[in-house]
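Below is one structure, written out as C-alpha cells; comments come after it.
Order as written gives the chain letters A, B, C, D, E and F; numbering starts at 1 within each chain.
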Amino acid sequence: MSLEKSPISTDVNFEKEGKQFSYLRVPYSRNDSAWGGVFVPVVVVKNGKGPTVLFVGGNHGGEYEGSVTLLKLSRTLEADQIQGRVILLPALNLPAVQAGERVSPIDGRDMNRTFPGKHNGTISQIIAHYVHEAILPLCDAVIDLHSGGYSLDLMPYNSMHYLPDEELRKRTMAALKAFDAPVSLVMREFTGEGLLDYAVEGMGKIFLCAEIGGRGVLSPSKLKIAERGVQNMLKHFNLIKGDLAKPTTRLMEVPETGNYAYAQSNGIYEAFFEIGEEVPAGQPVGQVHYPESPEREPEVLTIGRGGVLVGTRGPGFVERGDCVAVTAQDLE
Amino acid sequence: MSLEKSPISTDVNFEKEGKQFSYLRVPYSRNDSAWGGVFVPVVVVKNGKGPTVLFVGGNHGGEYEGSVTLLKLSRTLEADQIQGRVILLPALNLPAVQAGERVSPIDGRDMNRTFPGKHNGTISQIIAHYVHEAILPLCDAVIDLHSGGYSLDLMPYNSMHYLPDEELRKRTMAALKAFDAPVSLVMREFTGEGLLDYAVEGMGKIFLCAEIGGRGVLSPSKLKIAERGVQNMLKHFNLIKGDLAKPTTRLMEVPETGNYAYAQSNGIYEAFFEIGEEVPAGQPVGQVHYPESPEREPEVLTIGRGGVLVGTRGPGFVERGDCVAVTAQDLE
Amino acid sequence: MSLEKSPISTDVNFEKEGKQFSYLRVPYSRNDSAWGGVFVPVVVVKNGKGPTVLFVGGNHGGEYEGSVTLLKLSRTLEADQIQGRVILLPALNLPAVQAGERVSPIDGRDMNRTFPGKHNGTISQIIAHYVHEAILPLCDAVIDLHSGGYSLDLMPYNSMHYLPDEELRKRTMAALKAFDAPVSLVMREFTGEGLLDYAVEGMGKIFLCAEIGGRGVLSPSKLKIAERGVQNMLKHFNLIKGDLAKPTTRLMEVPETGNYAYAQSNGIYEAFFEIGEEVPAGQPVGQVHYPESPEREPEVLTIGRGGVLVGTRGPGFVERGDCVAVTAQDLE
Amino acid sequence: MSLEKSPISTDVNFEKEGKQFSYLRVPYSRNDSAWGGVFVPVVVVKNGKGPTVLFVGGNHGGEYEGSVTLLKLSRTLEADQIQGRVILLPALNLPAVQAGERVSPIDGRDMNRTFPGKHNGTISQIIAHYVHEAILPLCDAVIDLHSGGYSLDLMPYNSMHYLPDEELRKRTMAALKAFDAPVSLVMREFTGEGLLDYAVEGMGKIFLCAEIGGRGVLSPSKLKIAERGVQNMLKHFNLIKGDLAKPTTRLMEVPETGNYAYAQSNGIYEAFFEIGEEVPAGQPVGQVHYPESPEREPEVLTIGRGGVLVGTRGPGFVERGDCVAVTAQDLE
Amino acid sequence: MSLEKSPISTDVNFEKEGKQFSYLRVPYSRNDSAWGGVFVPVVVVKNGKGPTVLFVGGNHGGEYEGSVTLLKLSRTLEADQIQGRVILLPALNLPAVQAGERVSPIDGRDMNRTFPGKHNGTISQIIAHYVHEAILPLCDAVIDLHSGGYSLDLMPYNSMHYLPDEELRKRTMAALKAFDAPVSLVMREFTGEGLLDYAVEGMGKIFLCAEIGGRGVLSPSKLKIAERGVQNMLKHFNLIKGDLAKPTTRLMEVPETGNYAYAQSNGIYEAFFEIGEEVPAGQPVGQVHYPESPEREPEVLTIGRGGVLVGTRGPGFVERGDCVAVTAQDLE
Amino acid sequence: MSLEKSPISTDVNFEKEGKQFSYLRVPYSRNDSAWGGVFVPVVVVKNGKGPTVLFVGGNHGGEYEGSVTLLKLSRTLEADQIQGRVILLPALNLPAVQAGERVSPIDGRDMNRTFPGKHNGTISQIIAHYVHEAILPLCDAVIDLHSGGYSLDLMPYNSMHYLPDEELRKRTMAALKAFDAPVSLVMREFTGEGLLDYAVEGMGKIFLCAEIGGRGVLSPSKLKIAERGVQNMLKHFNLIKGDLAKPTTRLMEVPETGNYAYAQSNGIYEAFFEIGEEVPAGQPVGQVHYPESPEREPEVLTIGRGGVLVGTRGPGFVERGDCVAVTAQDLE
C-alpha cells in the first residue's frame, strides 16, 4: 500500500510554516455527479521544529463535541502561538458528519472499522488509506475525539487500551492523565479489526480515544470538557506553553465482556441507573417493556460485573443484541 | 362522522366492571398481509361510579416516559383500588412507538396533527377517529404524556393552553398544578390543526399535555416525574384516595412566536445554555457551525424574548427551519 | 361526482359493435415524466342487444389467474361469438399488476379499498372513479377475479355477500352456483369501506368475488378453474350459447370474526392443517416459532370457529396482526 | 376556505412601501424536527399606487431559468424604480427546487396540480392555499415561469389558454405578445385539475405560463430570454417605464390530443427531429430501441398532427406512457 | 484465514457433554447501535464419542421447513438420546430468516455465495468464516436444508453433486438415499463460487443439499418430509438407534444448462405443467403474458431437455433472465 | 485471474464466421430470483482474417448516442461487408443502461472504475472481469462511446491519454484523428483506478474514449456524429472499404487539475458561457445561487486555466464538490 496510488488530490503542504485551511478531494463518481468529489477539511498549523499531534473529530458522525472543539480551534489557533505542528481533521468522515450519523451514508461504512483503508475502495476506505499513508507517519500522537453517538450515552471519559509495550503504555498513560477527563479508562475491545486505534498503536505512537458525552447531542457542559482536554493536550506535548493543573480524573478499567449487557428482545429499555451511579454486583441493570402488549411482564436484564455505570443505551427503543449497559471498576 | 363507520373491531367493553386488557384492531391491507391489522392496546380499569380519566402515551413515538409509566400502571392498577374509570392508551400511535419515531412509519402522519381523524383515512386517521368518537365522549379529563422526542430536549413540564372559557380554565389550571411537574406552562400553539388538545378542549373537558424529558431517551429520573404526576392525577380526580402534597411547580408561560428561535442554515448547533438556565434578553442563544468549512464563521442565533430555556434542539445537526430554542417567562 | 371531471382520456367506445382493444390514459405527472401517463387496458366485445358483463382482473396485483384468463379471453373472444356486451379489465390496477404487488407502487393504495374513487385523487382513485362513473352503470353483472395474493392461500372459491335485498340475493346466488368453483362462499366483510363489491351492489347489480388460488403463484390447475368459471358466466348470462353442467360446488359460509385467526407475535407460522382440511372446534390451528431463540416455546394459536380451512397464511414469516387462518362452515 | 385557518406565519406586509425579503413559515412536523418548518421566500417591492404583478419561479423544481431570473431581480429591483407592486416567489415549491425535482420530496406532490390548496393538507397544499388566499387576490396579473423540467425539452415559449371570456382573452393575449418569447402558444390542457393557471383565470386575472428551456438544465442563452421577458412584463404593466420593442414572437397553437405522441414501450427514445424543426404530417417522429435485445427492431412512433416540434422527450430512456413529442401549428 | 481473527464471541463449547443453547455474537456497528450485534443461534447436543453431524437451516431466509424442523428438534433432542454430537444452526443467516428473504437485509449477500467467508468482511461473511473455521472442521457430515424460497417451487428433493472422488461419492450417495426424500438428485451447478457445498466437499466430508418445497411457504406436508429426513440422517449416522425403512426415493439427475429455461421478457409466466409432471422433449414449458398489452401474443418458452419438472417459477411475474423451469431425468 | 473462474455462461463463439447475436449470462441471485441472471448482449460479426475492433456502448447508463449507434449497427452490419472482426457491446453495464443511470442500480458501481474486474465480485465486477479476460485479448483496438451522462454536458469530442509509449501514441493519435469528432482531446485523468482505458492501454492496444453529447439526452444531431465516427473507425481499421474524408477535428488538450472548476456550495449553478465558447483566463465561469435565500449574494466561481469550455454542469442544481466547468487549450 502506498500513497501514490491514492486518488485523493489536495494542495495541503504538511511541511509549510503557518496555518493552512485545505481539503482532501476524494473523487466520487455517481449518477448526479460523474466527476464530483467529497472535500474532507484538513487544517495544519505549523511553527518550526517540535512534536506533531493530530486531533481527529468526526471519525463517526453524530458525535459533536470533538468536531466543534476542532472547528473552533481551527479559527483561533495561530502558528505563532505554537512550537511544532498541529493537524486537525474536524470531520474525518465528512459525509457521516453532515448526515449526523455514525456511518457514512455513501458507503454504509463505519470509518473506525476500515483502517488501514484501501486506495481503490469506497469513499471511507480511500479517506482512511490516505490518513494512514500520508498523515499518521508524520505524527507523534493522535487524539481521537468521540462522543458515544446516537445509540449510546457515555460518561465523559478518555481512554487507552491495555498496551503490551511498557514504554508506550507509560507515555500513553501520561497523556491520558494529562487530558484530565472526568474518568480515564483502560479498555479491551470486542469489536473486531479496523480501528484507527490499532493503526496508530501499531506504529508505536500515542493514541487516545475520548468519549465526551453521547446520544447525538451537543451538550454545552460536555463541550467544555472537550475544549479543556484539547488545551491540556497542547500543553502536555509542549505545543503551547502553560502549566497543567493537577489531574482530578478517576482512573478506571473495562476489562472483559462481563462489563457489557445486551438486550435480549425488542422493546423499550428502562434503565434502573443513571450514568455515573454504582451498579451493585448481581443486580438488574434495567428491563425491556413491550408497548404492543401491556399485559406482558418486562424482561429484566442483569450485567456480569457490577461497577460504575459508564455507558447506557441512548434511544428508548432497543433491538435484540443492542448494548444497554457498560460498567467500569476502579483501576488498582 | 360516527362510530359505526369505523373499521376498527375490538372486544373492549368500556362499561364493564374490573380490569380489561384489550386491543383496537385496525385493518391494514398491505402487500405482505392482505387481511392484516394493527392492534392498538387499550386498558380499562373500572369500579362503580366516578369520574373517567384517559391517560395517553405514545401519541408520538420516541417519547418513552409516558408509555412506560402507563405500561407499568396497567399491570399494577386493579379495579378495587379505584372509584370510577381509568382508561389507558399506552401506545396510541403503536407503529410509531414500535419504530421509536415521532410519526407513523405506515402513513407518515403525526397523530397529533390528525384529530378528529377520518373513518376511511389512513391508519393514524382511523385510530384518531375511533378515539374521538368512542373514547373521548366517555372522559372527564385527558392527560396526554409526551417527552419532546428525538428532535427536542424539553424541561420536564406539564402544560395547558390559554383557554377562553373561564370555568374550564380554572378546572384545567387546578389539574395542572396538582400534577406538580417541575414547571407548569401556559402556552399558545403555532402548529396548525389536528391536535388531540383541541379535540378534547372543544368538548369542554380538561386537557393537559405533559412533556417529560426529550431527545428520544428514557431517563430514570424523568420517569419518576411522570409516575408521580400520574399518581397525583389519580388522586386529584378522586380515582384513588390520598392527600396531594402541596405543589412546588413553577408556573410559567410561552405566549408568542418570539419565544422560539429557528436555525437559518444547515450545520451543527452549539447551544450556549443548558435547559433551565436563564437566557438574558437580547443575548445570542447559540450558533451554527459548518463542518465542511472550518474557515467559515459560525452563524450566531438570537431569540426574541429572553427567559428560562425550556426547550433546546436535541440532535447536534440542524437544518434551516428547525427549532433550536424555546424560552418561558414566569406567569404573573 | 361526475365523469366529465375525470382527467382520463380514451378512445374506447362502449357502444361500438365489434371488438376493441383500448386504453384508459391516466395522466401521471412525476419527476421522470411531466406529461406521462398510466395506460390501463380495456377490451370491449359487443354484438347487438344483450346483457353487459364486466370481468375484472388485477384489482390487486400479484393475483394472476384472473388476469391471465382475461388476457387469453381478450385474444380469443370475437364479437360474432356473443350476443350482448363483454367488458374486460384484465389489469385494473395496472401498476400493481406489473409490480406483482397487492397495492399500487405509485400511491400505495389497495384499489379494492378506494371505490367509488375520486376524480382528483391519486392514480388508483382516478381509475376507480372512472370505472365507477363510466363502466359500472353499463353493466348487469360484475365478476371480480382475485387469487388471494402473496400473503394468503385460499381454497379456490367464488363468493357473494349476505345481501339484504332478496331479489338481488337470489340472482347473485344463481350466478354464484353457475360459476361452479370448488367452493362457493357467502361472506361478511371486516375490512372497512371502499370495495368494488359495495359499489356494484349499491347499484343493485350482481357482483361476485372469486378467489382462485393464492400465494402470488399462477397455478396451471387453478387457472383452469378460472377459465371454466368465466366460460360458465358467459353461458349463464346468455352471452354465449351452451348448456351449463350441473354445478358441483360446495356451498359454505364465513359469517363472523370468529372464523379468522391472527398471529399474536412475529415469527414463523407453522400451520397444522392444509387448505381444505377440517379444523375441529377448539383445536389449535398452528403455532409461531422464534428462529432467533430456539429455546423459546412456540406460541400456539386457536381459532374461534372450527370448520373447513379455506384460507391460510401464504409466506412462512408472520407479524403480529396477520391473518393466519380462515374457516368456513357448510351453509344450511 | 379562508386565510385565518392557514398554519403559515410570516412577517411580510404586502401593503408596506419599499422592498422586503421575507418568508412564509410552513410548520413541518417530522421525526428529525418536531417543531420545524419550511421557509418559502417571498419578496415584495412596492411603491405607491399601481398594478400588482406576481412572478412565480419554482412552481416545479428542476426548472431553473425562472428561479434564477427572479433571484437576480430580487437583489436588483428597488422600490424607487417602480410604480405599483411586484411580488416575487422565486421558489414556490422550495423543497422541490432544492431537490432539483418536479415534485416535492416531502409530499410527492406536483404543486401545479394542487391549487387551490388546503389549509390542513400537506406542505405543498398548505403553500398553495396560502398563495391562493393571501396573494392571488392582490394581483392584476400572474406570470408563472417554467422550463420543461428534467423530462421534457421545450422550445422557449410563453403560453395562454383558449379563454372563453373575450375581454380577458384580449388582455392576456396582449401580455403574451409583450413578453415576446421566441414562440407564443395558445393551448388546451389534458392534465386534470389543480393548475395555478385555473386558479388565477378563475379570478378573472391575466395568467401566462412560460416554458423557457428544459431538461433540468440552466442554459445561459435561455436565461436571457427569461430575463428579457420579465423586463418586458414590468414595462407592459407600467411598473417600470420604457418602451417595448416590437414583438417578434411566432404565434402558434396546440389545440388537441393529436398534438402529442406517447411511448408505447420501455427503451431508448431516438427523436428524428430537433426542437423547432417541422414534422411533416403522417411522418414518424422517432423510435424506441431495446438495449437488452439488439436483434429486436425498434418501435416507430407517429404523431397525429404534424407541425413544428415544440416539445420532445428529455432523457434518453422512456417508459410506456411518456410523452415524447409535441407539435404546434401557426395560429390563424 | 484463522479463527483467532474472527470478531465473533460466544460461550458455546463444542466439546462439552449435554445440550447447550448458545449464540454466536457478531458485532454489528450501525447508526442505531454502535456496539450492537447479531446473535446467531447454535445448539449443540453431545454425548460421548461418535460422529458429528451439522444440520443447517436458514442458509437462505424464506425457506422454512428446514428452520422449523431444527427449531423443533432443538427442543426435543436430548443428549442421552444420542451417541456422538449433533450441531444445529437453525437460522444460519439470521437477519435473512427474520426478514423472510433469501439474502441478508444487512449486507445484501446470499450466504450460500459467500463461503469460505472473511473474518473482516460483512455480517454474512463473518458468519460464513466462523462456520468454516470453527464448526466445519468438527463435522463428519453436513446436511443443509433449503426450500426453494420465494422465487422457486421445487419438487421436494435432496441432492448431491457429481463428485470426482469415488469414495466420497459413495458415502454421500448412501446418505442421500438414506434421507429418502421423494426425489434424490445428482446435480451440476452453474452459479459461481461460494457455496457451503464446495467448502464441505473440499474438506472431504459428506454434504447434502435438500430442497423441501418452495415459494416462501411453510407447507405442513413438506415439513413432515424434512422432519422424517432429519430423523433418517440421525439413524444413518448412528447418532440415534433405529432401523431405516427401505428408501423409496426416485434417483434422478440434472446434468447441464439445457435442463433450465429462462424468461426472455418481463410479464406474467404461465407454466404449462405442474411440478412432478413429465415435460416432453421439444415441447413448450410455458408462456409469458403482457398485462399492459392484451393484444400482444404471449412469448412461448421451450426447454432444452425434457424430463420431469422438478422446479418452476414461484411468483407469477417474471423478469428477463429469471429461471422458469428445471427438468430432471432418471439417473441410469 | 483467469477466464475459467468466471460464472458467466454464453453461447457466443468469437471465432465463428458470420454474425451472431448472443448474451453473456451473469448469475444474479436475489430475493425475487434465486437462479436469475443478467443477460448482457454481445454481437460478433466476423469475416475471415483481419483486425478485431471492439466498440463499447453503455459503459455508463444514461449515455445514449453510443448505445443507439451500436444497436443500429448490429442490425445493419453483415459479415460479408467486412474483412476481420467487429465486436459490439452496445450495453456493457446493462442494468445501468436500462435504468438510464451512470452506475449500476444493482451494485452501485461505476463500471468504468471496476476494471480489471473480479470473477467473484458484484455483477459489474463479474462483467468487467469477463470482458478483460475473454474479449480484450482478442482486440486490436477498443472504441468506448460515452456521452457525458446526466451530470455533464460535454462538447462532442473523442479523446486519448498522454501515452508514454511513442509507437502506441502515434497509432492512437492516427485513430483519434480518423474518428474526426468536432474536437479531439489529449487528456490526463484525476479519477483513480479502474478505467477500461487503462486495461486496454496496459495491453498495448489502441484505446479511444469518445464523449458525444451529454445531459442524459439523446440528440439527433449528436447521434450523427457518433454514427459517422464509428463508420470512420471501420474504414480506418480496414474493416470496411472506403476513403476517409480529410479530418476537420480541432486538436486540443486538458492537461491539469486547473482545467476543472468545482462548486463550493449547494445551490443552482448559472454558467456564464455555453459549451464551445472561449473562457478568458482569470474570468469567472459561473455562479451559485441560493433559492432559499434571495437576499444572499451568489458565490462566483473561477477556473484555473482559461480556454474553450468543453464541459459544463448538466443539471441546474449543484452540490459542493461537483464539477461545473472544464476547459481545453489547443494542442501545440
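Couple of notes before you dig in:
Everything below uses one rule, namely that a contact is a pair of C-beta atoms (placed from the backbone, for glycine too) under 8 Å apart; a residue touches a chain by one contact, two chains touch by 3 or more.
Please read these numbers as outputs of a predicted model, since none were measured by experiment.
Bringing chain E onto chain F by least-squares fit of CA atoms involves turning it by 120°, to the nearest 5. Taking B-D and D-F together, the pair of chains sharing more C-beta contacts is D-F. Where chain B touches chain C, the two copies mostly use different residue numbers: shared numbers make up under half of all numbers in play.
Each chain gets one centre point, the mean of its Cα atoms, and the points for chain A and chain E are 42 Å apart. Spacing of chain B relative to chain F, judged by their CA centroids, is 57 angstrom.
Chain centres here are Cα averages; for chain A and chain D they lie 50 Å apart. For chain A, residues that reach two or more other chains under the stated contact definition are 39, 62, 150, 292, 315, 320. Residue ranges of chain E in contact with chain A, taken from their complex: 5, 7, 9, 25, 27-39, 119-120, 126. On the chain D side of its complex with chain F, the touching residues are 21, 39, 41, 43, 58, 62, 64, 67-68, 70-72, 74-75, 88, 90-91, 94, 97-100, 150, 153, 215-221, 223, 268-274, 289-295, 297-298, 314-317.
Within the complex formed with chain E, the chain A residues making contact are 60, 62, 101-103, 110, 113, 148-152, 190-194, 257, 260, 262, 315, 319-323.
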